[in-house]
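Heads up, the next two complexes both have chain A, just with different partners, chain B and then chain C.
Showing the complex of A and B:
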């Protein structure tokens, strides 16, 4: 049982991957790292595990500096994206391997492996070889191998990314409920934002060189510190409008698409934008754009006339892509709605919920 | 006829939930099978026929010829006069009851045990050292090339080379031992003498062929997934445990293949014997194949030589079949085949 501290860790290969990254994961915390592929999420885990030698910085586990200590003395356990099961050993032997490495006695080993296998519901598979079980069962075996080790830190690398949707949901539930995982510090890496929002006590969004933002699910989703973060949270992804601000009396208007789309900046946001003119990017989540029926009240929304481009009914929701003044907007609708391409519609924009990002670097202007 | 009008199976599913056979659409029963794209039927006949003729000429005819003469008292004279008598199993009885053959089998066993096995063991150990201990990639390549060099020499040349090295009076090997103080300056080790001749052959062969199992096992080791070894590092497995529990079991089949290759080569181990000792002195380093060669090509005892060849062939075929079955079983257990 211990907390994990990363102090300004640096690691580069052909180019810097982790640039002075600092992070503390408390004991019992489930920390999810999310980000696009190739950004260095796995490298981060490998640095914590000790499979990579740091270029600079320190790794502390339970207050002890383990930067120069080999993996097996760090009391960490890691699952690999490829599962890394031993193909010639049975499920039982795969799960038992950390205990074998520690020369645990036979009885304790069998008891512990049995416990873990029952917990993960793979106890009927213990005699099988990895090639005889399904992807979800392989994943559970890999997880079992980390659980028997009873480590201080769990490192899970894309544990359920390569499974089909149904099993992914089932295993996601398992990560919610597994006491063993919830007791200690866990870093969970994924590229799926929904997994991150669902599982993470805190979430770190990884960008080039390090974590762009660290916060709870609510924080990173509702108050992203940068356009990068906003872009990677939410599906369909956020609408980005390159705008220019224009003062107009006591109101400020943002003008996009060469002046063809214009809307008033909500009063609450005006202060943050310095009231002045300038270029910026407006982020509009698809759920903040509503399709208004004929004659419906604006209800505080900004009305925009648009034309339907594509409509996808996805069962639980509908995704509408509409065009207005040379700008494409994605909106979430009810799946029962019917839209024909080219059909004129009225969109209501909830300007209160807009996000404003600086044109250079994409910092959130609300801070 | 549109898709909707295609006759659909009446009872679509049987008890097991599979689609039942028939009735099928018209085109299915009327389609012509085995239509070839080649216009002239002579083309495939010639393309297959020529190689078949060649194989008949150089493999099948001599083999049949050999089996025929194994049961006749054919020798040089009778070959010229075309006058040979059927003798039944006499040739085989002659071979199997001769001390010379029994000795040569013992020699072969010794050669297999200390030659082929040693090569595979050494090759495996060297491959492991090369992969795990040598860190620099450049050094690894240089070492690999150096170790593979002997394999590129013709075996007869290697035989000549080692015959020189092992000369009792002015051979480099004895000279080295004297320099190292392991041998008194006046002493000589008669490497090619009766007691040591077979061992000298084995040394020369190990020197030349250890690189083959080395290459095979090394390439097998390189192809093992690195993630597994990282998992083992996180688990805290010691080097010895990783070797015993992961590397060797996963390389088991590869090592078996290396052994089978060396094993099969052992049966045709004639060249070095011929060059270095000619089976001597006093037939103390003879192997069965060498006797067959002596009998057939030197003494023209064609019948007896054919019996030798058939005995060797049968034993080798049995052993190799057993090996292949072992291999098949292991590969099946791993889900590869």
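Showing the complex of A and C:
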């Protein structure tokens, strides 16, 4: 049991992948790294595991510097995205592998493997080979192999992303409740923001070179530090509108689409926007755009006249894409609503919830 | 393809295989027939295709000759020892080339090693004689043949094992490191079992080469050590060749590789398809 510290670690292949990344994961913390594919999430795990030699920086486990310690002496367990089960060994032997490495005695080994297999509900598969079981069962076998090891650090690389939706949900629930995982420091990598928000005690959004933002689910979703973070948290993706600020007396407006649409800037936001001039990107989450029925009160929202482009009823929600003044807006609606392409509608925008990002680099202007 | 076309293709394939069978089967058939003939019958101008007089005693004669038996034992010693050595060195070298010496250096080094198999063996025949003559154990010894055949078998073993190791996912070894196995133990726990079918194929190829090699064995050895290909010409007397004994002995000498192949066929097919990891 120990905390994990990464101090300014650097790793590059042809170009830098991790650039002076620092991170502390406390004992018992479930830390989720989320980001687009190919950004270096797996590289981060491999650096912690010791499978990659760092270009610079230090890795500390429980206060001990393990930067130069090979992976087999680090007490780190990792599941691979491909599961990396040993194809010539049975499920039992796959799970028992870390215990065999330690030369655990036979009775203890059988007891421990049995416990873990029952926990993951694969105890009826112990005699099978990996090619004889399904994807979800493979995943649980791989997880079982890491659980029996009782390591100091757990590293889970996209453990459920290749499974079908039902098993994915079932396993996601299991990650919430697995005592073994919740006791030690865990880094969980995924590209699915919903998984990240659901599981992470804290979430790190990975961009080019390192973690763009680290925070709780609420923090990263509601106060993204950059457009990059905002873009990767949320489905459908946030509306991004390139705007020009224009001061009109007391009010400040963000003008988009070459002057055809203007968004009111909420008074609380004005101070952050360089005195109300210059270019920026306005971010509007789809759930902050409502379709207002005829005659409904504005209720503090800005009313925009728009025209329906596409409507998708997705079961639990509806996704509406509407056009106003040459600008496309995505809104979340009830799935029961009916919209015809071309139909005129009124959109109510919750201007209080708008996010403002600088035109260069996309930092959140609120800080 | 229409049904008629499928039938035509099937017929053609069968016809081809039938012709193929004649080409490969007839020599074997004639060997067997000849091995059962008496000496008087083997040199007839119109050859008989079935022995007029059966002489299975030819086989007994082979085993009565201590030289024949010893030559088979010598061949067994040389080819088995060489196979073990080739496999041991080839596996280590192949693993190194597959995992550690990659890139331009690795590719060229691997190709250079394989290219050692490409020169005509006769080019080094005389130099090898003098080379082994200068060693303490001389030319006419087990060691000389066992070491000499490495020239041909080790590049093959290295190259093939390299290909097998490249096919074995590195991730499995890494998973083993994280389970707590050192690189050395991970190799035996994970990687070696995966390439095992390939190793069996390589062993067979090496063993058959060493078993059948004649040129070098004939020049270097012949008195203390005498492998069976070198022993066969001794059935030639001054005036005639005892073809019946040659054939009987050759058939006996064919048995070990054939039996080996049948026993290990399961692995051979898997190994030579180069797909070491499936599922």
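Note that in this section the second predicted complex is superposed on the first by the 367 of 367 C-alpha atoms of A that agree within 3 Å, B and C clash if a C-alpha of one lies under 4 Å from a C-alpha of the other, contacts with A are read in each partner's own complex, and residues count from 1 in each chain.
Following the convention adopted for this analysis, a residue touches a chain if its C-beta (ideal position, glycine included) is under 8 Å from a C-beta of that chain, and two chains touch if they have at least 3 such contacts.
Bear in mind that the values here come from a model prediction, so they are computed numbers and not experimental data.
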item	value
Room on chain A for both chain B and chain C (clash or fit)	clash
First, second, both or neither for A:23, with chain B first and chain C second	neither
Which of chain B and chain C A:33 touches, first, second, both or neither	neither
Partner chain(s) touched by A:86 [first = chain B, second = chain C, both, neither]	both
Chain A positions touched by chain B in one structure and by chain C in the second	49-51, 70-73, 76-78, 80, 82, 84, 86-88, 97-98, 100-102, 129, 131, 145, 149
Touching residues (chain side chain A, partner chain B) in the complex	46, 49-51, 70-73, 76-78, 80, 82, 84-89, 97-98, 100-102, 129, 131-132, 145, 149
Chain A partner contacts - residues on chain C that touch it in the complex	169, 171-172, 174-183, 185-186, 189-190, 193-194, 277-279
Chain A partner contacts - residues on chain B that touch it in the complex	225, 227-228, 230-238, 241, 245-246, 249-250, 252, 333-335
Parts of chain A lying in touch with chain C, wherever the complex brings them together	49-51, 70-73, 76-78, 80, 82, 84, 86-88, 97-98, 100-102, 129-131, 145, 149
